[in-house]
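The next block holds one structure in the form of structure tokens; read it before the comments.
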């Protein structure tokens, strides 16, 4: 198996398309968006079933990619996170079929 | 980038607020809860669309934090898991803006 | 804490039961399936709320297990991914109560 | 016989059987949980309001008060009986037995709603305050079962992360208590006039919504059975069939003592005979997390619910007629 | 012309166009999948029951049996024709062509429902058993297409993790087969009397629910088109327009041979002309996972569905009138 | 007084209070978001169509045009006033104040719908075109607030990953604009005849659906308050109460100038007094991401919405009667 990186971005639902555009522009070959149902962040708390505007909903964007592409995305993601609420973490993983990423 | 820890707790939906209280008490700065739709655990099997009581639903609590806080949470989480069904795993990740955690 | 592996399989919803059977046959002690809401993969794009057939929906199957079981599953998962769309990644994690896996 | 057949052939029961059959044949079809939960809230709002409007028409007498008190007593008592049977005849441990007993002391709103339809179809009438009785019977059984489960463990350690009020809130402020009692009070306040404006939503389509809901219940019951029956021994399965009859017998006695008319009696008997599968399972996850959902849910949803819906209802109506004052 | 205009200006079609337009203009609005799926089950229960009640009114004759058999034959045959056209006129490989062909042999329930409305609006009547015809036409096309796809691959290796029964269950016990046939049988058993109790839910609001559902279909079709049209070449896109006409022509022949009255004929023609976009895509993911959803879904949902709804229906009704015995 | 009491005791308001109370007592009950969102779309389709049908009955005159223009002007103006008050009397920074101001210049559809019910209950009539006024008033306030927020930051850098059109699409093509205006046009085209076929879904059950929806709104408002009130200082909280009154006063002036009949005036006043809690929050996340949802949402959903629903509506109807030409 081969080493790749798993980039996980917990971000506001409304800002997710912006994050996804950044990932695409950085050349990542794919990503998947998962819904979240509630969360806590120091002072604020949110829960999906109680805010119809979804304006404080978060989602989780997962993208498995090679180091070069992930790094290319990081600077822009950092800029995005200077405006929008979100948490980015990158972990090392092993994948099958490295050619895909 | 800086090393932090990603704590992932797969736990019964009804017990999630207890786990979240433990995380807050341990000083973690945030967490996000994701819904699950089905699962298997040795003998039992569950699926969200077929149990209105949601009494065997699981959710996934993700918290990115520093070592000290994660460790502070672990003992209590372990106690919680002596009563409730759940799986805890901790992985190493890199983050931007380490001051947040 | 003890080292175990976190296997994360992003896969088509319709193919998830096949992946789960493979995990069970490989002797993994459990898994949890999370829904996804949208995604991108090079050319195609999908979004849950706009495809009633759900035929391009993805889900994420997470299984925490020991090396032997994960490896036993990998070959079959690789065969599955020769037919179905999906991305597999394996990361190292630490767990409490190693006897469970 | 006639009632039995007409119950069995009502669209409600047939859609339940359709769902049950599909699940047992391993169909993958589902009704989204979010949609089914929305329908459940609709059903509770509807019966709550209808009950309240009924109450608003005439003052609640002492009779109703006595029935309410007896019903609460029954809900306290039934778990004790259920627990004894379970411990004597099955392998379940103290915690599993107590958790299961809580389900049988409490009630199933959907069974109650179906009973309301069957009672009407049988040409009987039922008083509005029985909705309040239903809401009142939800909770005592839980208390009773917790006392049983914790006997001899006076200094039980709190579960990590638990919070003083969470169990109390779950038990007293769960969706069915809030919506049933809330809608009852709203119906009571707004009366017939308020009801008129919302009747095209809360009254006319009710039976149809119930069909859709019972299709989903059939799917749930069937899947519960498929996944869980292997974990139940014969004694436990038998309990799912005879316990409703014991509860029904006791409730029939209560109805006779209170001189309840047959429609009301049938509903009280059904409440006693029914077993919770939404509110109590959730409460048990908080209060007795070590009890196994695969035991209590399979039993109450997979066995007792279908039994009550298909065979129980005609029986309980017959029993109600037997014990009612007017019965010859 | 008159029918064409009145179809085009019905609320149903207008709400579809609203959704389609919003999606093409890249509005982000969505109708939650859970809600739309709940509505879909409602629609199928409703037409199933209505069909069953119709059947219960008079015995099913030989005519109906013959129509059913012809319809099944048509569903087996259409994929063969569709496959040939696709292979001759497009770049699609064997698997993509076979998967697409399955969609066109099978049927779209929503198109059928809309045709029912249009037929009624045109002053025609349709027999209840056509709901059964719809359910029966879902499956044969899938079998046909799988045979085509696997020809010459006798010893095809099973997909890893696959299970003997899963495809059979998906095809024979998917939601639309279960709900349509189940509700049909329930309507048949309970008849007019059973229907009366649920009519305020299953009959009166039907057209309105359909509007809401078609708004969602419009959004889906529009987004499908936006995301997928780039992956279709001109030949494939053309197929989405002419294939329904070929199927309609064949079905018109079948209707003529069977001497079907115009309302029934219009529904049969619509069924043949319609292409599946829920049941068959799901089955194809299991059976032919290498076939691309972006091809078959875009074609059936993004092109053929709007075409049938907007232009097809008036045409099929006209055609049905032409080939019906009473036609002068 | 009479209207105040009858508003307060309507099922709609009572169900809202039930939800509010349950949330404040920390009940965990929820109505699934997917279900509530489906109901919201239903409500908007319904009032859109009803408005369109009303319009189709008589030509839209110059009066209506003038009202529309004044309403748009009001929506542009209100954020300026709101912003000034917020900056003078609270600690909110420029961005938070501008974002909050956008909410109060825009409108709340549910408040509008509830006003429609209250107006009808008060025996008044309202013209169909006010639905169009509602849709038109959604957007200008957003533009106004963005201008205010960005004043002096001429060369503001774009947010990373942002796309030219996304904000425009969010603002002009969000669900409420699309569905309200779309259904209005459809109602206009199909007229009374088209409405008849869908009335059992879009008209008869409307009030009941509104009850269910307001139960959910009560839960949301209560939870919003519980989570967010600590982050609001006294001045900000006060703003949530007096700003609707200022807006209502201005709108009453506009109504008087235009000589609007009392029913129409009441709706216009309510629109001005209401604050958005769905469309504008979403737009603000895109346009002013640094503004805190905990401020603007808590204020508009937790304070202004309940205030308008419970105390505001009777007041606005009274005010409308005062300023209307017919008033003695």
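Think of it as A, B, C, D, E and F in the order they're written, each chain with its own count starting at 1.
We adopt the following convention: contacts are C-beta pairs under 8 Å (C-beta built on N, C-alpha and C of every residue); 3 or more make two chains touch, one makes a residue touch a chain.
Predicted, not measured: the structure shown is a model, and the values here were computed from it.
Chemist: What is the minimum number of touch steps required to go from subunit C to subunit F?
Modeler: 2
Chemist: Going chain by chain, each one touching the next, work out the least steps from subunit A to subunit B.
Modeler: The fewest steps needed to get from subunit A to subunit B is 1.
Chemist: What's the overlap between the neighbours of subunit A and those of subunit E?
Modeler: Expected: C, F.
Chemist: What chain lies farthest away from subunit D once each centre is taken as the mean of the Cα atoms?
Modeler: Comparing chain centres, A lies farthest from subunit D.
Chemist: Which one of the chains is farthest from subunit E, going by Cα centres?
Modeler: Greatest centre separation from subunit E goes to chain B.
Chemist: With chain centres defined as C-alpha means, what is the inter-centre distance between subunit A and subunit C in Å?
Modeler: Measuring from centre to centre gives 18 Å for this pair.
Chemist: When the C-alpha atoms of subunit D and subunit E are each averaged to a single point, how far apart are the two points in Å?
Modeler: Here subunit D and subunit E have centroids separated by 40 Å.
Chemist: Would you kindly tell me how far, in whole Å, the mean C-alpha position of subunit E lies from that of subunit C?
Modeler: That pair's centroid distance is 34 Å.
Chemist: Residues of subunit E that touch two or more other chains: which are they?
Modeler: 30-38, 200, 204-205
Chemist: What are the residue numbers in subunit B that touch two or more other chains?
Modeler: 20, 34-35, 77, 91-92
Chemist: Can you identify all of the chain pairs that touch?
Modeler: Pairwise, the chains that meet the contact rule are A-B, A-C, A-F, B-C, B-D, C-E, D-E, D-F, E-F.
Chemist: Which residues of subunit C touch subunit E in the complex?
Modeler: Checking each residue of subunit C against subunit E gives 12, 14-15, 17-22, 25, 43-56, 76-77, 79-80, 83-85.
Chemist: Looking at the complex, which residues from subunit E come into contact with subunit D?
Modeler: That would be residues 32-35, 37-38, 41-42, 45, 49, 165, 169-170, 173-175, 178-179, 182-183, 186, 189-190, 194, 197-202, 204-205 of subunit E.
Chemist: Across the complex, what residues on subunit F touch subunit A?
Modeler: Against subunit A, subunit F makes touches at 23, 30-33, 36-37, 40, 159-163, 166, 216, 219-220, 223-224, 227, 231, 277-279, 281-282, 284-286, 289-290, 293-294, 297.
Chemist: Where on subunit D is subunit E touching in the complex?
Modeler: Checking each residue of subunit D against subunit E gives 9-11, 14-15, 18, 22, 25-36, 38, 200, 204-209, 211-212, 215.
Chemist: Which stretch or stretches of subunit B touch subunit A in the complex?
Modeler: 1, 4, 6, 20, 23-24, 29-35, 59, 62, 64, 91-97, 100
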